[in-house]
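What follows is a set of structures to go through.
Okay, so chain A shows up in both of these, paired with chain B first and chain C after.
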Partner chain A sequence: MTAAPAPGGTALAAPPRSGARRLRLRRGLIGWAFLAPLLVLNVIVVLGPSLATVWYSFTDWSGIGPAKFVGGANYVRAVTDPAVREALLHNAIWFVLFLFVPMALGLLGAHLINQVTRFRMLYRTLFFIPYVTASVINAAIWKMLLSPDSGIGHTLGIDQAWLGDPKTSLYAVNFVVDWHWWGFLAVIFFAAMQGVDVQLYEAARLDGAGRWRQFLSVTLPGIRPTMIFVVLMTIIWSLKAFDYIFIMTHGGPANSSDVVSTLMYDQAFNQYSAGYAAALGLSMTVIVGLVLAVYQFLRRKGWEE
Partner chain B sequence: MTGPSLSRRRLLSSVGLLGAGAAVPSLLTACGGGGGGSAGNGTGTVKLWIDITGDANQQYFTDKVQGGFEKAYPKITMKTTYYKGQDLRRLVQTALQSRSGPDIVRGPAATQTMAWSKAHVLADLTPYAKKWGWNGKLAEWAINAFTVDGKLYALPMRVDTMLLYYNKTLFEQKGWSKPQNRSELEEFAKEAAGHGIVPFGSSNTDWAAASEWLMTVFWNNVSGPEAVYQALTGKAKFSDPVFVDAVTLLKSYFDKGWIGGSVAKYFSVPAAEVGANFGKGKVATVPQGEWYMSNVGQFFGSKAGNDNDWDWMPVPPLSSSVQPNTFPIGIGGSFAINQASKNQDAAANFLDWYYGDKSAALGRMADVPATYNIPITFSDSDIPSRIDPRAKRVLTSLNTAIDTGNYGYVTWTWWPPKSDTFVFQGLEKVLTNKMTPAAYCKQLATLFDQERQQGTIPKLMPRGAAK
Partner chain C sequence: MSSTVIERRGSALRPGTAPRRRRRRNLHFPAYLVLTVLALFAIGPAVLMVFNAFKSNAQIGASPLAPPTSLSWSNFSIAWQQGDFGATMRNSAILVVGSAAGTCVIAGLAAYALSHLDLPGRGGVITYLFLASSMPVQLFVVPLFSLWTDLGLTDNLFGLIVIYWATDAPFATLLLRSFLLKVPKEYVEAGRLDGASEVQIARRVMLPLAWPGLMTVALVVGLWAWNEFFWAITFIHDPAKRPISTSFMAFQDENSTNWGLSSAAALFMLVPILILFLVLQRRFVAGLTSGGLK
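Showing the complex of A and B:
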């Protein structure tokens, strides 16, 4: 909005304002020029596929050749598909286990390292190795270790086929994923614990607090922001679970370890229903969005403080 | 300016295709100059993506196939990229959809390759077939499987069948003879299991589709090839009792612990472990495809730490309607040419070289057991003497089966894509008691009818002697 020029003073006042505006404009353009390559790349790699996925979710596309528009049929199918319901239930089980087991183990591990004064770096490294090892390698090794004919169980005299039994397959894979994740959390929590003021511990000790009370009343409140961050990371990770399940069981046997992402892959590349797979993918995106919205809502309500 | 330019329409269509995660290669190809020649030039670089695994096998392909071709065609350079099995179909399909990818397309089963053809991503090979007389060089039944409406869209890559591998040394030690019928097979299985030996080693841990190998065996050896043919042509239903009986029998073998040791072990013991146990004599037999012949040797002999030896036998007839020495036959994969290739003539030159030189092709069959068994016509006397006698017996047995009409049908060639997938995925539900054999067959029949009506079944090998 431009202000009305003052009588007799217009010619003097206008040039500096116009110059500042031009300068701001030029700076803005330079900024956008630097940003442009990244934006173009983002549009091609992120926005393009996202929009295409939305489109394909409304088609009966087989994954190759032309796609036929079918409206919301894929979404209707997803709501009524028993396989999706089963996979969602597995996602929920996975979510609960993945949220609590590695968190509990990570906190315990960090607390224990925090107590010792020697070899801390060694423990941290050992805890971190599973996290930095490629999932395909972890999964392949654990596949052998869980073999009922030659794995750890067999050596101990238990020939349970953990990955082959529909009752245990999901939990067996989840165990491996928890094993790979908890060490990372332990290192993160340990780093956070290093930042807690030692005077608080001294004060707690003077008040007669034992180790457990110190952990509950000093350590946990002290690392709360880190814990909130880790919870968010864990939620996102658990909802996009795919690699370990795909490598270790392919979602089987008989869909017993299928989650929505593996079901989606199966629909796209084995069942030739890429349109339906796109609809499943978008549905999961909505679910993740809802979870994140709840998280943000709780944050604003002061959950984090 | 040389090389193809990136038109606005091409750019927009490529961006639209990004949903498949596939257009980046397309764009790069468009920008980079494609294959370097024209479709009619017959020179330049030819790209091939293939799923040959193992260092020795890849080296053989590089030296003898790629190297042999480049020697014969000095103006063509072949660039081979090796991938691991299951990923390749997904990668190739994604690349084809984005109008990029290799020049020579290593396709999956006949029905799936047909789906690619219907999507117009494969070049019509008919003119090349006429030019070089491929129809006379390849077996008619095999080339028919890749012909739709008179147009040839791919060439068959390997003749597939199912065999029963057995630990020859173990059989000799135990005094077991090769079972000739169902009662002898079950007697053998009972005795082996009694000794703590797994009668039939099998696992689908590394390859989910391994279950369809078993269904191929049971439908062809219990229901019989004639019944399978009737169902594939729509004159019978896969829900008929004769097919349900085969599934029921297979499940009963699983429930007795005869296959893989148990259902749960079948789903969890890695294939390499099954092979190791086979070599050690903890597993007596392994029902597997002829391709297993290129791997099975690693589990036997001094390198594997045992003194055992292996051999194979045909799966015995498991009902009175099946003749002895019946072999289910099909095609393992295909070679086609990418419709978007800028170098189609050069790619076609490779196909002509690969299929056209009978002597060289038979040499490859002799050098690497089962891997290069392309369906060309040859007599038993054409087979080089250096071939492993067990591999030779596969070739001669298949020739006899085809000449006498004593053959069946493998699921991965003659079943349409969704039905084929259901064959192995549905069987998991049967084995884990989530579905009855009757319900499984009924669902298969429904699915098969739908796909048959869509015309996704290749031209079948007729009953009687084939060519």
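Showing the complex of A and C:
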């Protein structure tokens, strides 16, 4: 490893044909050897158990011991289960709120940071802090602030148990998740906005566009790939929503904040119907897979430019 | 670019434009105001928690949002002992170091293979890694739990670390790969010409150049391991093996009405990360925003 390659280096490096083939084979083998730890681990932890889930979703299984094949019974149960229907509705509400609230706040934050000249890094840092804070801590903070006897409402004289009332529990948890998430989006959007050509703004200004018009006609189209990516991820994440609901309400009170993932967890680890849980988990994954497929399809069509 | 700068300077010299400039600066005032409100919204809750850590329960009940009137450290010492945070922090430190170091090795090797060895089937592997890192954990958690029970890997920190390796490495590989792709092919070819083996090239050429990328991966994976909650609560039930996240949660449930104690306990978990983040935030942000798939 002494010098940079001589100009004729590559020509010299090409050995006779059979040797080249053996070299490539050797290099391929080494490549796969380098990949092996990653792939082996992934097969043991992710792929193998995922395939097992497909099998278990057709069985009556407690989670340990033998499983009994029952055909599509779990799926019939899922379709007719009112708890699943309610959880799906909660997922839908969750999705709409989780899509629009953090995006709107994130865009606002990013746009304003992009407008000002000083303290950009400071605002960026402060916005980002809830995202690096552990979910258990964020949940604890907001349990305190939302509690009827030591929280914000208490100080303002509003007597409402936000997390304990079935009417508000889902929205209260969703508010906390939106709060922890929007700053992250602001940072992503801000990074994307810095890539937008300044001359486009100059041109828009010359055409008499105001700030709002500039935002709509220059900024938003300029960060479109990022926006599409965020929407895609929001769809996936809103189905996966689990942490905060599990920590703050356990899906309660009276299933009022249950989503499919908390329902599934409860079935698997508290009700010992792992077979049914497998069917729920698999159904969720199929939806995620469909979203990814649609995204790929749109990307191929050149939607992202 | 330079022409626009000159143009701007020129226009500033014109007499008619001076008031317009001042007006634009004033227009920034609402922007700063809204930004400050947003910043308070982001960190206000954590600040209130710091306040409460220094207050007695009676004080919190009387004025939950006010700053403490005196600095009382008793919440911290009581919480530290009651929650056994010395032990659970050590468990979490093992998880952080183990998962960060292992992920760097596993993902580093894989990223090198995917970026600088002309591997047949490379595209398929990369697609698989994308899919694997966006897979909902609900798909494989139950069979994995039964497998881990059979292998004796539940209630076992190493068992948890292996799960972190498997779930974090796909993202880390993709991140490191995009990092390694920027390393010129000539460096590697030069090494090969000098008769260095692939392992030697990986160690002597790639490793030093990939170092900043590995640091980013280690930070992000370490942060995830420290904050992680789902796998820990599912796979660790023995209180002596609990990491800080689940032990904090149990502590909070037990002291659900004592917000002073809970707040002090939360700070044990939050402060180390916050300091690290503030010092190394560029690397953190780079890693976390490219890990958007997670």
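By definition in this document, the second predicted complex is superposed on the first by the 283 of 305 C-alpha atoms of A that agree within 3 Å, B and C clash if a C-alpha of one lies under 4 Å from a C-alpha of the other, contacts with A are read in each partner's own complex, and residues count from 1 in each chain.
Definition applied: a contact is a pair of C-beta atoms (placed from the backbone, for glycine too) under 8 Å apart; a residue touches a chain by one contact, two chains touch by 3 or more.
Keep in mind the model is a prediction, meaning the values are calculated, not measured.
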| item | value |
| --- | --- |
| Chain A as common anchor, with chain B and chain C clashing or fitting | clash |
| First, second, both or neither for A:Val288, with chain B first and chain C second | second |
| Touched partner set for A:Ala278, first chain B, second chain C, both or neither | both |
| Touching partner for A:Val79 - first (chain B), second (chain C), both, neither | neither |
| Which superposed partner A:Ala20 touches (first chain B, second chain C, both, neither) | neither |
| First (chain B), second (chain C), both or neither touched by A:Phe34 | second |
| Partner chain in contact with A:Trp162 - chain B first, chain C second, else both or neither | first |
| Contact breadth on chain A, by residue count: chain C or chain B | C |
| Partner chain(s) touched by A:Phe269 [first = chain B, second = chain C, both, neither] | both |
| Touching partner for A:Gly252 - first (chain B), second (chain C), both, neither | first |
| Touching partner for A:Leu216 - first (chain B), second (chain C), both, neither | neither |
| Stretch of chain B, among 19-27, 415-423 or 433-441, that runs into chain C once the two complexes are superposed | 19-27 |
| Touching both chain C and chain B, counted on chain A across the two superposed complexes | 44-45, 48-49, 52-53, 56, 63-64, 143-144, 149-150, 269, 274, 278 |
| Parts of chain B lying in touch with chain A, wherever the complex brings them together | 15-21, 23-24, 89-90, 93, 96-97, 115-116, 118-121, 205, 208, 261-270, 273, 277, 417-418, 421, 425, 428-429, 431-432, 434 |
| Complex contact set, residues of chain A against chain B | 44-45, 48-49, 51-53, 55-56, 62-66, 143-144, 146-150, 160-166, 169, 249-250, 252-256, 269-272, 274, 278 |
| Interface residues, chain C side, partner chain A - complex | 4, 28, 31-32, 34-35, 38-39, 41-43, 45-46, 48-49, 52, 60-61, 63-65, 105-107, 109-110, 112-114, 117-120, 125, 131-132, 134-147, 149, 162-163, 165-167, 169-170, 173, 186, 189-194, 196, 198, 202, 204-205, 223, 226-227, 229-230, 234, 245-246, 248-249, 252, 259, 262-263, 266, 269-270, 273-274, 277-278, 281, 284-285, 288-289, 292-293 |
| Interface residues, chain A side, partner chain C - complex | 1-5, 9-10, 12-13, 24, 27-28, 30-32, 34-35, 37-39, 41-42, 44-50, 52-53, 56, 63-64, 105, 108-109, 112-113, 115-117, 119, 122-138, 140-145, 149-152, 154-155, 179, 183-184, 187-188, 191, 198-199, 202, 229, 233, 236, 239-240, 242-243, 246-247, 261, 264-265, 268-269, 274, 277-278, 280-282, 284-285, 288, 292 |
